[in-house]
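There's a structure below that I have some questions on.
Chain lettering (A, B, C and D) follows the sequence in which the chains are written, and residue indices restart at 1 in each chain.
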Amino acid sequence: MIVVMKPGATAAQIGNVIARAEQMGCQTHPIYGDNRTVVALVGDLTNVSREVFGALDGVLHTVRIQEPYKLSSRATRPEDTVIEVAGGAVQIGGPEIIVMAGPCSVESREGIVEIAHAVKEAGAKVLRGGAFKPRTSPYDFQGHGLKGLEYLAEAREATGLPVITEVMTVETLPMVAEYTDILQIGARNMQNYGLLQAVGKINKPVMLKRGMSGTIKEWLMCAEYIVSSGNKNVMLCERGIRTYETATRNTFDLNAVPFVKQTSHLPVIADPSHGTGLRELVPAMAKASIAAGADALILEVHPDPDNAISDGRQSLTLEMFAQLMHDLRRVATAVDRFVGEAPVEIAVDELMPA
Amino acid sequence: MIVVMKPGATAAQIGNVIARAEQMGCQTHPIYGDNRTVVALVGDLTNVSREVFGALDGVLHTVRIQEPYKLSSRATRPEDTVIEVAGGAVQIGGPEIIVMAGPCSVESREGIVEIAHAVKEAGAKVLRGGAFKPRTSPYDFQGHGLKGLEYLAEAREATGLPVITEVMTVETLPMVAEYTDILQIGARNMQNYGLLQAVGKINKPVMLKRGMSGTIKEWLMCAEYIVSSGNKNVMLCERGIRTYETATRNTFDLNAVPFVKQTSHLPVIADPSHGTGLRELVPAMAKASIAAGADALILEVHPDPDNAISDGRQSLTLEMFAQLMHDLRRVATAVDRFVGEAPVEIAVDELMPA
Amino acid sequence: MIVVMKPGATAAQIGNVIARAEQMGCQTHPIYGDNRTVVALVGDLTNVSREVFGALDGVLHTVRIQEPYKLSSRATRPEDTVIEVAGGAVQIGGPEIIVMAGPCSVESREGIVEIAHAVKEAGAKVLRGGAFKPRTSPYDFQGHGLKGLEYLAEAREATGLPVITEVMTVETLPMVAEYTDILQIGARNMQNYGLLQAVGKINKPVMLKRGMSGTIKEWLMCAEYIVSSGNKNVMLCERGIRTYETATRNTFDLNAVPFVKQTSHLPVIADPSHGTGLRELVPAMAKASIAAGADALILEVHPDPDNAISDGRQSLTLEMFAQLMHDLRRVATAVDRFVGEAPVEIAVDELMPA
Amino acid sequence: MIVVMKPGATAAQIGNVIARAEQMGCQTHPIYGDNRTVVALVGDLTNVSREVFGALDGVLHTVRIQEPYKLSSRATRPEDTVIEVAGGAVQIGGPEIIVMAGPCSVESREGIVEIAHAVKEAGAKVLRGGAFKPRTSPYDFQGHGLKGLEYLAEAREATGLPVITEVMTVETLPMVAEYTDILQIGARNMQNYGLLQAVGKINKPVMLKRGMSGTIKEWLMCAEYIVSSGNKNVMLCERGIRTYETATRNTFDLNAVPFVKQTSHLPVIADPSHGTGLRELVPAMAKASIAAGADALILEVHPDPDNAISDGRQSLTLEMFAQLMHDLRRVATAVDRFVGEAPVEIAVDELMPA
């Protein structure tokens, strides 16, 4: 249930709603928007009557939420959530489309610093790179671990780019959280509820990837696990789902982008690298992601993809990435968003038929 | 096998290649491009040696085709195929992105004429409408049949818009072909090989929808059935595939758009109406389709979707369609294409942050 | 709607129900069971009131059918349908489990006669073999056509086994129907409604394969297309569906067997050859099919699978088939059915541990 | 690489092989079978030559393993692994088919003890029950936790049945391991590699459920994570996969049973309750599971399914379960296995028709 407070409701009135709800055994989550405050009541609501709350001072009205995701729902919070990364240096969910780029795995100190400089120059705002890698085989390279985190930190220092990296276990969470600006939950861990609750207790933005066979509803419920544990800074990342089609690595479900944007107030990120698995399809699908409404992109970039330790087949070269950033600016403009600082120049006359 | 002729090879030299191949029991398909002619050899090539052909006069070189789709393959024909509809009034596969629009079913004479005028005014170039409807239940409305075709013809006369409609059986093919400008093969019939071969013998553009569980490779092989029967005017329409996700009617596999564009020279059409099944997602996914590289869109539009006989949930209102056409022009410009006649105006300065 | 007549209702009373329904614009399908007669009303029932029919002489009660499949539904006909093949020589849907066996394609006259003798000796009751083959590529072997049908007929004459073969088009239906005892509709044609309606007008048993991505509900609706066209002798064949799993050719959805048996009165056939695609898995899954409740099996058998023109990977050798028939007898007994000449008698006491 | 020792190879010879491999930087896993010992070498084998090992004393030959699963592979260990539960009181993977039964969730002390008595009387050998429940929604019942474990222990004490229960996190693993006889890894955690490695360091049988979209190969690789961490007592549980079909809760991929039995030496367990999601389909699919070759079944049973806290729709009543156990005995006999105290003897003659 959502208790919507009147504009101008006082802190005391809000406190009273919370107190009554907690007496009844509910958990409460007050959400302070620009224009109004709402209090979400979750837990066992069997014995909670809307009339009681509708009658309290300062309450405008109450809403029964049908969707099982409450805190993540746009019904609870109509305004887009804008997530501040690295103290606000980067904002995800606003008019600017943020591009995160970097290698699949952090391979070496020099390598990651070099890539960081290159992607920054092309317009990326966040550096990606894996230190702990979930691998199908226990015998494959599992990432450089702590060393990888240290290299990422050096690249951040060298370039000023905030970093995003994956956390795979509750045990390594404190270590990863110390080094990264955004915590990534990978597709295989979408329903690792212990991990979701643990990142829910950390005050750091989280990017939650959709599981390979996760329905959109399940994915939003996983976001709910994090948000209801206390961390509201959750971003949802579409990275392709598993279907019968094998021509591409995954089936990139771009429908999920506008669907989630309408259903939830949380930012949506698209990952065309995993969504396609094929470097040559990434530019087209990166543009499509922006046209579909994504708030950010995460892209794999490598100076020498054929010799990358992992995911080389889907990594862009630095040249391809720079060209793509140029093209993305134009598409962003066409949907009233922007990528990077520089103004876009389009000579529309030249585009028209003679 | 592909025999690539030298630029300037004579008709006699080409004829000689064809004659030799036919002596060996192959079928031959000469393809005359702007810059060069190639002769595709299909059938049992077990006893055909490349050396024999490489040595003939006028032959530049020979290529062994690995993909099972030969005539549809970009290796056979590097240039995009541009399909002329209604005597060239509309061209699909060139720089202009063609929008086809109209109701799911032709419901009445007045209705279809009214919609035709409205979608034309908004910029559509082709009118869609179903006269024969494949329905899951034998007890559901199956379309107006011949009457529906007649209504479509009236709407064409009234507006000048060419029409596209579905043909479901070999028996009704002559009738449908008499009335329509483009023959649509529906998703359920993607592998109805008898029907594919029959439309392959007709001299009319064909739009082949991907089957609900058709792989991209199978879909291209179905195009191959049509092209190898003699009709080169085939367009491939992505309309969503069946997956475990039920939040949307289908999973719109936009990856297929750039994948097919790279693999084949045939035009690719996107159908965001069936691809999403939800009216409110259609605009975002129509924009994404263009950004991904589609050559045309096919959209369901109805003046009163809630009272449509079929597919109302995914039909745009006339107002939504007009607004969408405006937005599509901007996205098309951003990918160096265009929609409709009118130039696009973008005031880029206003889009940038202060 | 189903109008259930009283036991002993007269032909005149039944005729009266039919006449009234047809006055109201419904189609009627009387179904004469051993114990009672029901009249199924299909079509537009908007203006049909149950009260009118409930009040007619000889009517016991009326039932509103919720499922969209009416004539195929067990609510309409609680008793199992038993289908007589070849004038009753073989019965499918009764206590005997029928095994149909033979090669994927009819390859030669001698070959098919040899296989027919071998499978008959091992206990098969129907000979399978493809004369018209649906192939993904237009360049692959498409079957021997009429010649294949003639060879099948010779094998039938030599062994007395009825035959089953696939019909792919309406045009070839009269020819195929002349030669075969059971018409097979292949997976690709499950929703080829023109073909379904055409076999619905023929008086021959039909085996309808489930489409690669057909839901159980859609499949039953396709059976409904045939039955509502007039042919009640429909059998449903589970042959595996398309999923993300590629270790096996298809995912054999054995859940469909008990599900359809509960929902419909039509016989269910299992095809472990296509369901697995791997010869070495066929025996286990054939046994599982019987344990799950299938009324018949259809199995690919070839004397030299590695040199079969098609589907060799999933074909049993003659030796494997003979061994499997032995094993199937034991499993059939365990579920109170039998394979072969007559039921096996097992004293229950002997089955229990000492 | 697998180094196969000669029959009668000495401990010193085996030790020498291990020492050489470790000098080269490989991990070694000696596997002591009844007839022969093999040493599996895993890790980076780039610089390891088969010749070196082939030449050592006591070595019969060496095998290069192609499958990425080494320790789980039947190539490494041709004999079936038989897992001893509760000190050998129950053996899984031998001729006896073990039935595990109980409620989805442990709901109360009295409830679980009552069910334990009932399922034991009907022939179950292991009691199942959830204390920690993975739930899609953070607001749903999450299980009784430690209290649930204590109730399970009481039911074990009252009946002598060993218990199986799910462990969801590394943190709760020591607690769960203290109470349970078999550790269950749920479908959502199939690729929770941290958890897999943690149970790999515990000396307790583990039942690893297949993930909703796990391929058979990925699933075997997850088993490999556990086995390569040191715990060889792994059982694989097929519980249905996620596909487009919604008539049943999951698509029960019984193909996986014979496929895994051929590929791996580990026991395979089938879960028809989750595999179907519908109580009325469970008996047919339990029988089919045994016919397909499963070594054990896990079944949800509840005295009052309609009032179960979770999974009531797929739980058998106690009466249905008792009847099913009777039927399973007959099917087990038909595939040369047994359910319950001792093998049933059937004279083959009596199985044949008179």
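Heads up, the rule we're going with is that contacts are C-beta pairs under 8 Å (C-beta built on N, C-alpha and C of every residue); 3 or more make two chains touch, one makes a residue touch a chain.
Everything numeric here is computed off the predicted structure, so don't read it as measured data.
Student: What is the graph distance from chain A to chain D, where chains are linked when they touch?
Tutor: 1
Student: Among the chains, which has its CA centre at the largest distance from chain A's?
Tutor: Looking at centroid distances, C is the chain farthest away.
Student: How big is the gap, in whole Å, between where the Cα atoms of chain A centre and where those of chain C centre?
Tutor: Here chain A and chain C have centroids separated by 50 Å.
Student: Averaging only over C-alpha atoms, locate the centres of chain C and chain D and give their separation in whole Å.
Tutor: Centre-to-centre distance between chain C and chain D: 36 Å.
Student: Could you pull out the residues of chain D that touch at least 2 other chains?
Tutor: 213, 242-244, 246
Student: For a test of understanding, state which residues of chain C touch chain B in their complex under the given definition.
Tutor: For this pair, the touching residues of chain C are 42-43, 68, 70, 134-139, 168-171, 188-189, 191-194, 211-213, 218, 221, 224-225, 228-229, 242.
Student: Report the residues of chain B in contact with chain D in the complex, numbered from low to high.
Tutor: Touch list, chain B to chain D: 213, 242-244, 246.
Student: So in the complex, which bits of chain D are touching chain C?
Tutor: Result: residues 213, 215-217, 241, 243-248, 251-255, 257-259, 262, 275-276, 278, 280-281, 284-285, 287-293, 327, 329-331, 333-335, 338, 340-347, 350-354 of chain D touch chain C.
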